[in-house]
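Some structures to go through are shown next.
Look at the two complexes coming up: subunit A is in both, with subunit B in one and subunit C in the other.
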Partner chain A sequence: MVLKVFFPQCCNRADSGLLVGRWISGHDSAVVLAVVHYPFIPGQVKQYVQQMKAQSGGELSVLGSWSLPKDGQEGMESFLRDLSTIFPQERWLQINRQLGKTGFTCQVLQRDQNGKVIQRETKKKVEGGDEEEEEEEEKVIFVHYEQKKVMFSQLHPLENGVPDPKTDPPSELRQMFQSVAGSAPLFFLDRYDDGPLKSTHWQSDGREASILVELLKQASVPLCMLLGWLLSIWTWISNARVFSLFPLRFLSSKLSTCVQLSHRTEHMRTLSSAKPAAGHTHFIRKANMVVSFLVDVSLGMLLIWWLYRDDHISMLANTLVPAADHVAKELEELLQWLMGAPAGLKMNRALDQVLGRFFLYHIHLWISYIHLMSPFIEGILWYGGLSACFGLTFALSLLSDMVALLTFHIYCFYVYGARLYCLKIYGLSSLWRLFRGKKWNVLRQRVDSCSYDLDQLFIGTLLFTVLLFLLPTTALYYLVFTLLRLVVVLFQGVIHLSVDFINSFPLFAVGLRLTRSHRLAEGVKFRVLCEEPGTALHLLMEINPLKCSTVVQNYRTPTYSCYPKDSWAALIKKLFVGELIYPWRHKTTKTD
Partner chain B sequence: MEDETFTDINGKAISLDCQSHSSLCREFTVSVPKVSIGKVLVFTCSVWLLAYAVFFFTENTAVLSSAIFVTLVGMMLYIHFVKVDHESLIVIHSLGIQLSSSFASGRETTSFIEMSKIKDIVINEAIYMHQIIYYLCVLLKDPSEPDAVSSVVPLFQSSKPRLNCLVKVYKSCQEILSKC
Partner chain C sequence: MGPDGVPGPAVPWRKVLWECQAFPDNYVDQRFLEELRRNEGIRQYRYWAVVREAGFVGEQLSCVAIFITLWLYMEQSLLFPETLLWTSLVCALLGYGLHRALPAPVESGCEPRTRLADLQSAAIFLSFTFGFSPVLKTLTESVSTDTVYAMSAVMLLAHLVSFPYAQPSPPGSFSLNAALFASVCLASRLPGALHTFAMLTCALLVFALWPCLLQRLRGSAPSQFAGVCVGVCVAGVAGLGSQWPGGAVLLALALGSVTLLCPLLLVRLQRHKDNIQGPWDEAEIHEDLGHFGH
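Up next is the complex of A and B:
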């Protein structure tokens, strides 16, 4: 059998003493966690180990002895060997290191079952008589690990919930990581503490920083309470009956500012909850929310600083009205062009004129509306710009809404064109069925054959011809306005994407990956350390950090767009049939 | 170690380095020859000549500078993401198998497979383009069903050594794996 000893790097130069750690069940491996130095009173060590065991909740025992003889410390060998009778164990490790040599040597003393029983009874009389020196073929692999990194790292893929111990026992490495992380109370014993026991293990150098963290934690409690109180007021306001009336509810579900507001409220509610984060994923998710909120607000402040510095607001307002005018004028010219012979096509003149006049009248209405609005636009922009102090996402959502409102005429044209076109397509398809002597059976959801009268056939064919010949005119109007609509939708989609990106990008996790790459571990990697003949194999275990793409995938915040994403084919089909498309319907984001 | 020359499936010379750290751990490194200067020359010359031809007709100097940019970025991406310098396989008894490949720029990707997940190491055949090649692969198993093979991890994916090299690696891997 091969024995694997996970040995912390910080204990490489520790003074002689006892090895404290645990055996990993099911595998032939031992995790050394600390070295308790000589001199000690065995009773105290036992008590200490029991105490630590109770605190950490895991298994903990004395594994064996460690000796690094210094000058004037001869004769330790036999003493440390005798210790194995004081701490009864199935196996007793004796790890020796000579000064000046890099490799360790390890001996394993093993007792059989009978011997163990005898041993317990006659502890003091028998001096290792019933211990069997194991055969020399027993091989040992030393795996050196850095205690701090292993303790703080989180092995991926994460275990969700409590794993069923019978079906899927955690792998050896996972158990090893868990045992190091679980024995944190062991590491509180300071090197300079004046207690009965001295031990070597990893110990935190940043006690001062941890005091700061503790203070921050204390300070966050009233902050969370304040936040929770504000949130409850906000919830009370938004639950007021006025807001649940039909038009307001409908509007608020369509305005991206309102959606963003509810999304942020949800975030804040998660953050202000008094319960501590359950598990690693939840913690990282919360931290992501905090960081993305802070980044969002600071970007928003930057935007405000830019907007209000040199009176950019009035500049924007002064350019907005002429721009809207210009768009309307361009649209008018486009309509005039469509009313003639666009691209040399010969349209149905009467229908063409009717549609053109209708749209022209609409534009006329729109221009007068804009001119009516123009004195107020600066004020609206000024107050709207203040919303950026809630974050850049709010400003962007507001921009998206404003674009939607300012291009309302394009939307109207699109809806009229699409409705007309849709009507024609449906009429044509049903009349085409009539043409072939069939009809759509609504009850059975299929096409049945049907015998029509002569009159019905005559009227149907006539209508079919009329619709067919009028189709190109409406199709042209539909095409042009759909293209305009698509430009607007594309713009809004880009804004929504960027808002979504700010909302869901796991900034904290990525930062953690970049600065403390051991915190998120994908696995481990080994390096062969030294090869001295006669010593055991020494491996160095390093942490293999998670890939950045995996980090983003695992930890991105779920977004609010719960609509199913339209595929391109579905979108094109919709466009072809003349169904309406909306930016909030085919947002190109995934939900978690 | 006998001086046997190995080639990859395209007939280029590669070198295999077997290191036995102890009886429990062996390391195999397959080194691929460095990128040849001729290839680099041909690549840069072709890009620059093309750019010059475009420049001749359009008389726009941005074409030339973008050609320089494209060659530099292309070469950097090539040595960072494509060109593998050597691939190594460390087999540690009762602990696992570690695969790593280091790229020409020094970037290293490593993955470690625990022994509890490994079913076996085998040499497999595969259809690759228009030929049939041999490759070494690790068969993985699910701990819940120890008899079934859940997935296959191919080894030496970018160097693609020929059968004689694979057999040598395979034999010494099996020596360690079967030593339970």
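Up next is the complex of A and C:
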């Protein structure tokens, strides 16, 4: 059997005393948490241990004794052994360290049923003596750990909720982490405290900073209340009946500014809830929200500062109308080109002319609309720019919406082209079945053969021929306008992606990982400290930090995903068939 | 004596599996080949009967030739669309009268079409064709003439290949559609919208209605049917000859080989047919060999 003793590094040089810690159930290992120094009164130690046990809620006991003999403290061996009778334990660890030597020696005293003490020694068999001699040797491995890091680290993957008693008990390492983290009350005993007991363990250095934290905690309560009150007002306004009418509701679900607004509202609702965060994950999520909100607002302020400094707003407004004009002119030229013989393609002249004139008229309408709007554009931009004080994401969403509104003509062209093309494709596919004497059986979802009447065949073939010869013209218009639409969708998609990135990126968790890498642990690694033939094996336990990608994956704030719902193949198929594509987020798919 | 050369014991071999016999599993005796049968259910063709049937193929070929001849005349403006329309109308009325006069083949569960339904169909044909003819006229304007000709040729060939010669009424969907597609393509090359309309009406008569009439004729009066076939063939060759003598020669050769040479070959080759059947299992190769892998 190998006995593992987890030993805190800070206790390496502690004065002699008692080891306080716990045995890990189900495993042959012990976690040492602190060393209580001489001199002490055993009754007080027992009382202290009981008190700590009650506070931490975990198991805590005196594990054994620790001796680091200094000058003039020789001959404690027998005294330490006698201590085991004062603190009756199943096993009594007796750890010695000689000054100047790196290794410890450990003796394990085992008490059998009769209450007799059996000694087993790590290195060599016990020579004689009044104790019974054990045949087998028990090896002891010392695992040194850094108490502070282990205490604050969170071992991943996380166990959520109450552990199920039916499933396997948590692993040894997890139990060890839990026992260190759970015995926080033990570490409150300061080195400067003037109590009856003195002990060595990890001690917080920054008590002063923790006062600030306490103050912040106190201040956050009224802040949360204020926020909650404001939120309730906002919810009341947004739930008003006017907003649930059909056109407004539809519009608000399509405008990314409104979506972002509802998103932020939900964040705020989570933050302002009076309940404390339940569990580590929830806490980190909340912290992520706060940090990302703060970063967002500060970026927005930066944007505002830039926009309103040198009157950039009016510059933007003055360039916007000529830009829209320019786009319209380019489109007109494109249409003229399409109405000729584009790329040497021979298209149906009559249909080409009809479509071209239709689209030209549309552009004409659009330009007059823009010119009608032009006096108001500066004002709209001025007030719209103010929305950046809610955060950069709002400004970006507003930009996306404005792009959508300014390229409305492209959208219209795209819809007309797509509908026409879709009609042709569906008509052709069903007429092709008629052409071959088949039909689509809806009930069985397959193609069946069918005998048509003469007139059906005649009209079907006539339509088939017409559609087939007109298809290239429609397909070319569809192709050109789809490409234009894709450019707009791509632009909006990039904006949505960046907004989503700001919303959901776990800044706090990543910062934690970068600055305090031990806080998010994925596992541990051991390094051999000293392995002398005479002494026990000493290992140093170091914490493996969680991988950055895993951090991002675990702690991403759940958002309404704006990633394209379909894969690339599905998108291409949609484009080929002529179904409409949208950059809008789909509210139903909330991805965690 | 079995295939393995096992000397026959006193107990005679029986073709049963439920008895334990002193023969190897693959043993058969001399009676094995007694059950061999050759050419079971063979039909002995007579030459002139085959020629009569093959005449129908030649007749359809000639129909296509007649259509092409009419189109050639129309394209060179030798034939006015009005003339064609009036002729078509007269032909259609005559044909309809004949169709009505001939006794319909007895069909179960299918009531005969009324005159009203026929009139309705005719109205649909005429109105759609007339309405679409300007569109059809400009349809292939930008497509090159060679492409149109190639497409028409392929489609007419497809019509001939997929024509249901055994049951031409109603004409098979694909063959009729292919012929209509080809005629739309050809008609769109004509100089005017009325030309297109006349050509499409003519195509409807030749490819859709004529086979119906012919089928009824074949059912009720086989001798007249042969005469009609010969007449159509002669008309096709003569018509094509008036415009394109080389084509007429080719058509005549094709007709001769289809109606005379091919039946001759069939009857001659029938003698060499040797199809054996017997009490063995023929090896069948299944396409799905997947289940052998498991």
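Here is the rule we go by: the second predicted complex is superposed on the first by the 555 of 592 C-alpha atoms of A that agree within 3 Å, B and C clash if a C-alpha of one lies under 4 Å from a C-alpha of the other, contacts with A are read in each partner's own complex, and residues count from 1 in each chain.
Going forward, a contact is a pair of C-beta atoms (placed from the backbone, for glycine too) under 8 Å apart; a residue touches a chain by one contact, two chains touch by 3 or more.
Keep in mind that what you see is a predicted model, and the values were worked out from it rather than measured.
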item: Subunit C versus subunit B on the shared subunit A, clash or fit after superposition; value: fit
item: Subunit B versus subunit C as contact partner of A:537, first or second or both or neither; value: first
item: First, second, both or neither for A:523, with subunit B first and subunit C second; value: first
item: Touching partner for A:4 - first (subunit B), second (subunit C), both, neither; value: first
item: Touching partner for A:282 - first (subunit B), second (subunit C), both, neither; value: neither
item: Degrees between the directions from subunit A toward subunit B and toward subunit C, using C-alpha centres, nearest 10; value: 80
item: Partner chain in contact with A:357 - subunit B first, subunit C second, else both or neither; value: neither
item: Which superposed partner A:172 touches (first subunit B, second subunit C, both, neither); value: first
item: Which of subunit B and subunit C A:28 touches, first, second, both or neither; value: first
item: Partner chain in contact with A:139 - subunit B first, subunit C second, else both or neither; value: first
item: Which superposed partner A:217 touches (first subunit B, second subunit C, both, neither); value: neither
item: Smallest separation of CA atoms, subunit C relative to subunit B, angstrom; value: 24
item: Intersection of the subunit A residues that touch subunit B with those that touch subunit C; value: none
item: Parts of subunit A lying in touch with subunit C, wherever the complex brings them together; value: 346-350, 434-437, 451-455, 457-462, 464-466, 469-470
item: Parts of subunit C lying in touch with subunit A, wherever the complex brings them together; value: 121, 124-125, 128-129, 132, 135-136, 138-144, 170-174, 176-177, 180-181, 184-185, 204, 208
item: Subunit A to subunit B touching residues, read off their complex; value: 2, 4, 28, 139, 141, 143, 167-169, 171-173, 522-526, 528, 531, 536-537, 539, 544
item: Residues of subunit B defined as touching subunit A within the complex; value: 21-25, 27, 90, 92-95, 98, 100, 110-112, 114-117, 143-144
